[in-house]
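For clarity, chains are labelled A, B, C and D in written order, and residue numbers in each chain start from 1.
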């Protein structure tokens, strides 16, 4: 149980930014193995642009997600702009009217993010993309919300589900994105997007826990 | 004293060809130090073309020089075509009417080769070009002819003069051709053209000695 | 990395500044710094746009011009432009007759174009799309929808641009461009890798003495890595991939496009083209027109692509139409 | 060596075959396999010819065409054409009005042209010459006659070709071409060496992380080897060599030509051009027209050259005239 104030959400966003910045090189390495090595750079660019523009402004959680999503979407091309842009703006859409955000509310926001993502990508669980991280995280959080679980417990479960989802991509063969060209050769390493998605969800969870 | 028959000169030409072929790589290396490294290739191409076309034909010394010169001149561009083309055709012009070729005759032929060369190049002795090889060789052979020296002795003296001329280019600064761009930096290595000229003159002398 | 640049993070913006200045007779800037438009677009025509990552010069901005693309969205190096840029390109090119967005089949471009089309619709601009998938090596024939777009895109722009210039309506322009790409097959051979300026080292490897058949424009792995071959054998290998796939047959009239990947000396492209031409002639395939040069590159990769397009009367007329852009000038 | 070729000894002949086929609308073969002529040369004009070693594409054959050179003599890679080829080019181009041979200052070319002029005279063909010496880095100003010709030759051909096309007589064509080159200064910066196909390894070295300022088109050593710099600093270095030498001054109207050396991605040339343009603008020098691209290369060298030509009314009119060749198409 518990909630946090939507209006207090700025530190959560900044924590997400820091998560990406700290892992820029690592994400590049992961992408380098079966992709083109630019995932850390792409993500860092968008998230840092957001930080530059908003670190001195006041904003809430949904609002911050919307601004970050918009920046990705309109200033970061490649796949990351539309992918994370859609996820983050989808979350913001679902959350903009909340004053307080509980477990079920957060689950609803994430669920809408996933839905918006699936509007533009065909990838399903098992295709070695960030869907493998995001989808189980949504499921676990939804279940926790329905079961009325404690917020911290729910967030820890979501983090675990995201990490497990990320790790599951290791044994998969990529079906979408650059690495899909490799077929069987893509097996054996993590998916870069699944990795960054886990970093973002973990940072978000940690940030929310500090507000509770 | 002594002469060889102009009509018997084919082996001399083939020896000159072989001299260049055997030194293709070496000439490339020498040219590579202060030039563009293609001297061995340029020379080899022209001389081998001549070999291909004439190895199964009958021809004399002056005639062979003329055909080789013409091939260089009309089929080998760069500097080597006009330079060796002019030298060899100049030699042929001066020698075409000889039946027997003595030391003085050979000297006259070489002298005309040098003269024709100087029609198109300004280089003088000391400018680090093949003139440094050719010019002393002409002088020595002329003197030997005037002194009525033995053919073999005259040819050995010419070879020595050519080699000395070639070696003298080592301490010179290039004034013409590509290496002249280097100024002082061109000092310390042999000139490629002086080197090939020495190879040609040496092979010619050796070839003639076998006819005596 | 022996490159001419300042901060690699702004190389695309700096490149665009130089490009716009150098070609101010053909192109001009728009409000979106990542959208370039053609100068003096004739009134009342269907808009033609494209977009793609940078580092493929002349593609993509190099095909913005007369009888070609009216506006082009520009992405980071080897990365799709934003949906916003595609949207703004569409808006700039729209004259109320709709816009044909002719782009290449890459996942980022697909996503961004999909969103741009949706947003354009909201803004009252009709955008229809053709997605180029000419790269035979990138998927089997029964999965043509998965194939990448490569140098065949140049012919698609040429045809689509000409059709719009001749007054075709949106559906006609789309149909012509779609026919162009449906009639087109390509394959590439990579000889050296390329290095993204911001990364600083090649992110794939092609060993000296080997070549990668079927490589993509971003180094996507091809069909086969084999020993470096003579131009004659390379040509045969390329023709053997491209010709049976369509298939091009005796009596067909075609356009042949041989593009360098960036760092291969242009003289070698002519050597390769000569071999290709001999093989096509042997098969009774007639070359109506050949383009040989650096039409679609990958930074400083060495290698080349072969593209063949089968002509019919309409395509021939559109291919033969004059054009004026940085990358393609045709009298 | 990752190259596309068959036997390196016949690469030039094979290249020419491909070139002639690909550009059969612009050029055609002649009896001498090493001489290419323009198609449909207008009657009664002064002939304009050039010639040079191969490996510099588009130079030299790439500038054979309408309002440019009428015939071009083709040499081996980095080696002057034969005197015979220059002579045959002159014969092909002569229409009784004489021939302007516009070539570059290299010792081989000088010798071969000298002999060709002599032989042409015997054959009743008047050939006058202009020898390009725009490369500032190759000799001090008081020894201008020793300087090499580099990318400035493209502007010399543009001007000479246009003057002949406009009906200028031989002396007028020679005077215009001579003025073009006298008004032109160039400098190059090399970032990587190049390898002759028949040699198989680079015959000079440029260490990674360094650059050679003033390098020639065959790797001739330049003024200075220094640390690799940003595009901004490279531009300044080039401008500082070229501008004071002529000198170009505030109020001057100029043509700027930035050419890649072969393997430098074209996007980087635009980055460099942007910096050059800023520096010229600061000095009050006005750019009438810019050419940016691979206009005069050295196989697969990386690097670029900057060429600036001061215009007067005559040169402006001649530069602005349309032209159609493989290397330079201008509407």
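Simple rule for what comes next: a residue touches a chain if its C-beta (ideal position, glycine included) is under 8 Å from a C-beta of that chain, and two chains touch if they have at least 3 such contacts.
From a predicted model like this one, the values you see are computed outputs, not experimental measurements.
Common neighbours of chain A and chain C: there are none.
Each chain gets a centre from the mean of its Cα atoms; the one farthest from the centre of chain D is A. If you average the CA atoms of chain B and of chain D, the two centres end up 33 Å from each other. Distance from the chain B centre to the chain C centre is 55 Å, each centre being the mean of its Cα atoms. Per-chain CA centroids place chain C at a distance of 29 Å from chain D.
Counting partner chains per residue, chain C shows two or more touched chains at no residue at all. Pairwise chain contacts present here: A-C, B-D, C-D [touch as defined]. Within the complex formed with chain D, the chain B residues making contact are 28, 32, 36-38, 41-42, 45, 73-79, 81-83, 120-121, 176-178, 180-182, 185. Residue ranges of chain D in contact with chain C, taken from their complex: 1-6, 11-12, 14-19, 21-22, 54-55, 57-58, 191-192, 206, 208, 211, 228, 230-232, 234, 262-275, 277, 290-294, 297, 299-300, 302-304, 324, 326, 329-331. Within the complex, the chain D residues that touch chain B are 9, 53, 75-76, 78-85, 107-108, 111-112, 114-115, 138, 146, 196, 198-199, 203, 216, 218-221.
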